[in-house]
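Going in written order, the chains are labelled A, B, C, D, E and F, and every chain counts its residues from 1.
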Amino acid sequence: MKHAAILPIVIPLAAAIVVLAGHRLGLRFARAVFLAGGLLLVPVSAWLIDLAGGGDIAVYALGGWPAPFGIVLVLDRLSALMVALTTAIAVPAMLHATAGTDTAGRHFHALFLLQIAGLNGAFLTGDIFNLFVFFEVLLLASYGLLVHGAGLARVRAGLTYVILNLTGSALFLVALALIYGMLGTLNLADMAVVLPGLPERDHAVVRTAFAFLVAVFALKAALLPLSFWLPHAYAATSASVAALFAIMTKVGVYALLRVSVIGFGSAPFTADLLQPWLLPLALATIALGTAGALAARRLATVVANLVVVSTGTLFAAMAGNDGGADGAALYYLVHTTLVTAAFFLLADRIAAARGTQRDALERSGRPPDSALLAFAFLVLAVAASAMPPLSGFLGKVMILRSVQFHEGGAAIWIALIVSGLVTMALLARAASALFWEVAPAPEAMPVALPAEGSYSVDTHRLGSRRTAVALGLLVAGSPLLTVLAAPVSDYVRAASDQLHARQPYVAAVLGQRRDIAREHRP
Amino acid sequence: MTLFYRLLPQPILSLVILALWLGLAGSVSVGQVLLGTVLGIVLPRLTRSFWPDPPRLARPGTAARLVLTVFFDIVVANGQVAKRVLGPLDRLHPRFVEVPLDLEDDFIATILGGIVTMTPGTVSVDIDRERRLLLVHALDVEDPEALIRTIKARYEAPLKEVFQC
Amino acid sequence: MLSIAIPAALFMIAAAMALNLWRLVRGPDLPDRILALDTLAINTIALVMLFGIILANAVYFDVALLIAMTGFVGTAALCKFALIGDIIE
Amino acid sequence: MELLFAIAVGVLTAAAIFLVLRARTFSVILGLTLLSYAVNLLIFISGRLTVDAPALMLPGADRYTDPLPQALVLTAIVISFGMTAYLVALALRAKGESGSDHVDARETGE
Amino acid sequence: MSGEMISEAVTSLFVLVGGAFALLGSIGLARLPDFFTRLHGPTKATTLGVGSLVIGSMVHLSTQGNGLSLRELAITLFLFITAPVSAHLLSKVALRKLGLKKGGPPDAA
Amino acid sequence: MSELILLPLVALFAAVPLLPVVARIGRRVVAWSAALVMATGLAALSPLMPDVLAGQTFVFRQPWLTEWGIDLSLRLDGLGLLFAILILGIGMLIVLYGAYYLSVADRLGRFYALLLAFAGGMLGVVLAENMLLMLLFWEITSLTSFLLIAYRQDDAGSRISARMALAVTGGGGLALLAGLLLLGHIAGSFELSDVLARGDIVRAHPYYPLVLVLVLLGAFTKSAQFPFHFWLPNAMAAPTPVSAYLHSATMVKAGVFLIARLYPCLSGTDLWFVLVSGTGAVTFIYGAYFALLKHDFKGLLAYSTVSHLGLITLLFGLNTPLSAVAGIFHIINHAIFKASLFMAAGIIDHECGTRDMRRINGMFKYMPYTAVLGILAAGSMAGVPLLNGFLSKEMFFAETIGNPAFAGYAGLTYLLPAFATLAGMLSVAYSLRFVHDVFFNGEPIDLPRTPHEPPHWMRLPVEILVALCLLVGLLPRFTVGPILTAAAGAVIPSGVPAYTLAIWHGFNLPLAMSVIALAGGALHYWRRQVLFAFHEKYHLEATSPVLFERAYREATRLSQRVMALVDTESLQRYMALLIGFVLLLGVWAYATAKPTAVSGPLGGIAPEPIAIGAVAALVLAVAGTVMYDNRQRVVAVIYMSVVGLIVSLAFVRFSAPDLALTQLSVEVVTIVLLLSSLRFLPAASPRDESRSRLTRDAMLAVLGGGGLAILTYAMLTRPFDTISGFYLANSVPGGGGSNVVNVILVDFRGFDTLGEITVLALAALGVHASLDGLRLQVHTDVAAREADRHPVMLAMLMRPLLPLALTVSVYILLRGHNLPGGGFIAGLITGVGLMLQYVARGIDFSAARLQRLDYIKVTATGLALAGGTGLASWLFGQPFLTSAHGYVYPPLIGKMELASAIVFDLGVYLVVVAGVLLVLSELGGLSRHERGTVAPARPG
């Protein structure tokens, strides 16, 4: 079927519409549509991977209008991978949410589905303004999801998140205005065609416009100094939302990758935009995220800071490859998204099991007496701290090898190794506090909530089988990624090669139209 | 008559809608007239709950005469305002005047208020529903009683006649 | 004739708008400022109409119509806020 | 005219930046609204300035402004309107949760 | 005098009168001493001025070969309906905010 | 054949998940199962043994992540075989011993699973051919040992010790990772076969020192070399079977294994000698010194392990073939006697309930049989003749004499032998203390229970190992000879030197050194109280778990302080950072481009006077907005409406009527939104900000505004080529509409619009969700009079206005495709018309009349209509959102154009209407809560 590329957008959108239309039909109806929408994405994602895996770039011209005039969706290996990854974390997160998170406020199901639609749209689109539109879709949905269930902590984090992102959106538009005003096009592939022939007098403005775009993506990805909002937001929100948010920073990384490689990688005067500042900031982000994780007083905050570390790592890997990213970075991206998402769900279940101490990294009167949780923690901690034998280790080895002997490679090595060591030590400490340390007598314990703001506690049945399945599905991600390391590694390398070749993308999007009619203005 | 009113509960409104539609469309083709008529029938019915008790126009002729009077007053007497605005300010005698109302219907009272505002020298400040009076601010008035008499005779009486109330 | 009348009218309306702004800045009270805004909107309608006459393009009248509508709604909302501190209650 | 537009965009942006850096949610909302004006103007003129040539394919017209930026601005206006509405609601929620209209939802800021 | 010239003359007249009244209303707004007196200018003169401009443009456009242009009447209609209500609302605000200053009825506050 | 190497690994790891299940049957069953798994592993290797002993190396290769240097390749050579036998053989004895040692209360299933996983990790380390695979297994041992040491999880000491062990060994593993990656890069391969063969290249490479340091960091941390030794004595917290295993055949041996493994590649340089033998020597003597001081006999044994590992390391560092042989030999001997000593110690601990040698005395009387075993094993440790420990120590002493490293420094030749003798003395002393203090030295003091011989099965593993001590000690050539030679062959590239395994080499210097060591050791033990007193006085050794925990807490506290410093949790700070970052990045990007004038070649349009006035008015209005923000917010809103009006005028003037219409209608709804929120917010922003903050922000504002103005001007004065001619040309023929902007919105770029109304719907849903159940304090000072709520004239006017507004919106909706207008503006007009009802009549009146209007359903309908037109095109085999338009000729009306885009626009219309009304009614609802009126059923 030729409509494959749009299914990841249409399915959640349609499901959201049905949920809204039947909003008076009760919770069971909403949940059924919600889960059906999510589950339907599983075969579709697999299909997209299969379609893109062969190396063909499928272009879907919306409304039948050819690029660069109409909006096109581009299904290549990379976009298929990102869509599949979204599905992989969204479905367990949805399952987890239906254990009760979804009743803590209004419209959870629709917001969640539309967030997925927005994510998939951002991954698939080949048009930069359409990218903005999907950014807004996913952002607005995320605003609602972030504060879902309310409570001071979430609202406070939400306000910060919303205002920063609104400013970011305005900046995005400034960049787009300048790009259109100089290049006369909004299509990524067409930009690649136009850029090399641009008169020299236009270079400065175009460079600045791209720099703004980079800043927008850096904000979404939480690159220092634009990263401070993330730990507060992710730690404050409900677990299933935080799990879905694990991919939100990757949207920023993805967009930067896509735009920098396809869009402004084609001309020398824009190709060097990320040098020389990206690497230092990426390393500083790793350092800050690691310090934040070490400073954290809650497991969820630890995990949220690990998300920051992963952003730093990805950008470092990109910077270590002259602004691009090879299979190593992509493999690590898949790994870290799955693991942090799983970790958020786990933190929630641990919190529920420990009673008043929640997921505070202090001894508790009631440590979770669950082999499943302990085992899940073990797997995730091993994966997150890049210990062998799981995917974190493989990903780290790949990144270390791919950046070695590049400029700054040594710094990346040191940053990754030290951050890995600290992560390992702090997760060991966390395991000790969460699972092993027992407070003397429960009644003697003061109800000591951690300093990180008041809690928004989701009152849901966390012991339910559904959350166990959700957790199990996500925890299985890293081992699966290890077992399938060879095919996945092949796929991501091919994806990276396809991206960096640029020409196949441009040819697929613009077809044989080498001489696109352009009008000289004014 | 009942069938007519059932179909068109607010015939004037329907007519106004049709006129507005044709004006907007800038054409009097069959299609536009048809569309305007449909809207004229549908929209008043859709919004009837917001206007449950529309007054009925009883004397179209008087209404037309009143419209002409008001139009004439607006045009002719605007000059007086110009004189007062541009003239020396210390000669102004602005003051509030209370006009007792004979009109029971708020909507018609509002029409009266509107007329009073649009005609020169006076602005309707408020309709006091309890005391049934119209509070008017006059820009330059020597004899308030004369003003009250003028308003009642020139505008309120014809309005009462038009709507038969 | 129009070539004289229109610039003259344009000048008068611009002057009127400047006076509206002056009242807006001076106040002294909230009602004066709302009134200044309301008048400014109506003068804007006049300005847009003049554009329409200059360019003989009917498109501008829709804009004028909308200014008339929204100007009134804005005034009503501001007044209601000033009256009872609430708009929709 | 180009310089005037540049000044307008600059003034709007400067005021917007100043306001979004303030400590109260309402100021930030005002700032973001001004920012969206600046941005919309900027997108609008990215097709360059054209007087009296709307992109309407009507008989008699031979000159048309660049329609694409206008379509983009329309989308941007709608989106920023949605954002403003949401931010207003969130600001009220924050006020309700914290009792303060400080952007950090606490009375003592930085 | 051709028909075209007549129509131009009529248009010019309406345009000038419209501009004059619009300015007049705004002068009133700027010049008159208190809120209630200021209210008179804009509600009447400005509205009339715009109405005059509308008629001018109707005349002008109708003679440009586009047939009778009636759309503008909607604006006039609208303005004449809303202006009194705006004035009413503004007066109420002023009454609440300022009280009655000059020569008001003793019991209106 | 080489596939057989895989079998033991598969067996061990496959058994891991099964053991917890087996454990439910019984503890003996699980112990025997685990032993059986290990035996199976050994048996699997046995077909390869003869060839390996003959010097052959088997390699099994399975490509995995070849691109990244990670392959599943395994090797079995002499060294690997030796270690496999130690790991599996001693492992078998340990698991059997454990069945008796551990109580039923312990979760045996988990214990055995962990132990087997650990053994699997060890086995993987010694059998790996691929270096990164080796590292993978290496870190598995770090991880599993962490879990084993923390086995008694309710004990704080265990937990901290385990974390410390993990931090040290895992951290070393990371250094090793770096080292191996570099090594593989230099050697051009990660396969050991290649790497070991390219030692020359490696040693000549400029990165060799770095590689060596990193690899040794891994080895030293694992092998508890000074100064990384401290984790090991604390790992005593683990149950004794674990200690016995970790300290003898595994874990600590992984480090020396690594040194042996890479010996062919990395050894032979001065740096190697200095680092390896130097560290080994210090560790050797350091461990021996502290071993004597321990009152806990497990502590004594732990420090003796540190010391012996120092000895082994020292041997490998000496850079002579025979010293390497001695090192391997001592690996074997140490494994055997240390395992037996630990198990014997475990029995005593088990029987006495304490490990304090000051209380345990005269055990010979209570458990003579065990005592004999213990004494023999300790004798081996001390290097007493006829026991295996003696043989390797003799070889060590012999190698210290005339070491080539000191060839050039004649005066230093005696330093090494003297040092070796001293260290030997200390070994004798602590061995003696263990024997004398535990088994003799009078009567026990205040023991919790009366000790007696353990069950026979518990003693059996010790018996086997002590028998091995004797056998090797007496008949070295027949017992360890072949495997030692094979292992040495794998380590020494130049070929195994001639050496003789004999008890008696005649009277020579090494023998003299042994005698001196034995005598001196005895003397030292006798005079030990002097040492104890000295130690008590100066507290020479810090207790490392406390230190580690303190260091960890300090690190945590430090990072908390750093975080508090850099992240003030202040949005204003974040925003300033964002704006500052964008400014810097923008300026950098602009400045680093080829220099160019700001203004471009375009002349542009001459400024009109009215435009100058408009910009002046804009500046005024903007200033008013900013100024009144902290005087009277409602006035700021008024000023902002002026800004909106001016922007709309600009749209009108520059040919964008659609934009003007949209801007105006959005503007008014925005004003209403802002005013609605002001009811619950202070009337003005307080002026509570510091002057420096205001100055900083003003600077950011001026720079930002100025920067964007420059960019704007630069853009406007440059011509450009655009694709937009396509839209003008195709709007009518392709899109069926003459309003190009609208055709772009609903057709060319209809997908954007679908996203846009989704955003709008999301905003409305978000508002609906955010305000759910919110109660707010009113901030306005106005005490509302009832008569003011719904002013009469306003209320009356609204009646005719609503149908008229609806008429206008229908008009705008229908003609949008050809003239300015469209669904969005029409929706806003309808929304504003209905909103006016709310304003004029209040929410109760209006909501009651709009009750049947379910805003959320209408939103869904709108989205469904817009999306549905997209899907409908599938029916015609066209891509999503492909439009269709054509002409129909209904009777009377004549030609009429129908476009699918109209349906799309209708969807937009519905979403806008419902969204606006949902938002406004929710905001209005806030006041209703505050008034306390009972609400009729609300939509949503």
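Criterion: contacts are C-beta pairs under 8 Å (C-beta built on N, C-alpha and C of every residue); 3 or more make two chains touch, one makes a residue touch a chain.
Just so we're clear, the structure is a prediction, and the values are computed from it rather than from any experiment.
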### Task
Enter the minimum step count from chain A to chain D; a value of 1 means the two chains touch.
1
### Chains contacting each of chain D and chain F, listed by label
A, C
### Query
In terms of C-beta pairs in contact, which of B-E and C-F ranks higher?
C-F
### Query
Taking each chain's centre as the mean position of its Cα atoms, how many Å separate chain B from chain C?
23
### Message
Rounded to a whole Å, what is the gap between the Cα centroids of chain B and chain D?
### Response
40
## Note on the structure
Per the C-alpha means, the centres of chain C and chain D lie apart by a whole-Å value of 21
## Note on the structure
Whole-Å distance, C-alpha centre of chain A to that of chain F, is 16
### Task
Identify all positions of chain B at which a residue touches two or more other chains, and write them in rising order.
20, 24, 26, 110, 113-114, 124, 126-127
### Query
Considering chain A alone, which of its residues make contact with at least two other chains?
129, 133, 136, 140, 143-144, 147, 150, 159-160, 163, 167, 174, 177-178, 180-181, 521-522
## Note on the structure
Residues of chain F that touch at least two other chains are 569, 571, 573, 575, 579, 602, 637, 653, 657, 676, 678, 708, 715-716, 719-720, 722-724, 727, 748-749, 752, 755-756, 759, 762-763, 766, 770, 782, 785, 788, 791, 793-794, 797, 800, 804, 808, 819-820, 923
#### Entry: Touching pairs - complete list by chain label
A-D, A-F, B-E, B-F, C-D, C-E, C-F, D-F, E-F
### Query
Touching chain E in the complex: which residues of chain B?
20, 22-24, 26-27, 74-75, 78, 81-82, 85-86, 89, 92-98, 110, 113-121, 123-127, 135, 137, 139
### Message
Taking the touch rule as given, give the residues of chain B at its contact with chain F in the complex, in rising order.
### Response
13, 16-17, 20-21, 24-25, 29-31, 34, 39, 43-44, 46-47, 49-51, 54, 106-107, 109-110, 113-114, 124, 126-127, 129
### Message
Residue numbers of chain F touching chain C in their complex, please.
### Response
610, 613, 617, 620-621, 624, 632, 634-635, 637-639, 641-642, 645, 648-649, 652-653, 657, 660-661, 664-665, 667-668, 671-672, 675-676, 678-679, 778, 780-782, 784-785, 788-789, 791, 794, 805, 808, 812, 819-821, 825, 829, 832, 835-836, 838-840, 842-843, 920-921, 923-924, 927-928, 931
### Query
Considering the complex alone, what residue numbers of chain E touch chain F?
74, 78, 81-82, 84-85, 88-89, 92, 96
### chain D residues touching chain A - in the complex, by the definition given at the top
20, 25, 28, 32, 35-36, 38-39, 42-43, 45-50, 66, 68-69, 72, 75-76, 79-80, 82-83, 86-87, 90-91, 93-94, 97-98, 103-106
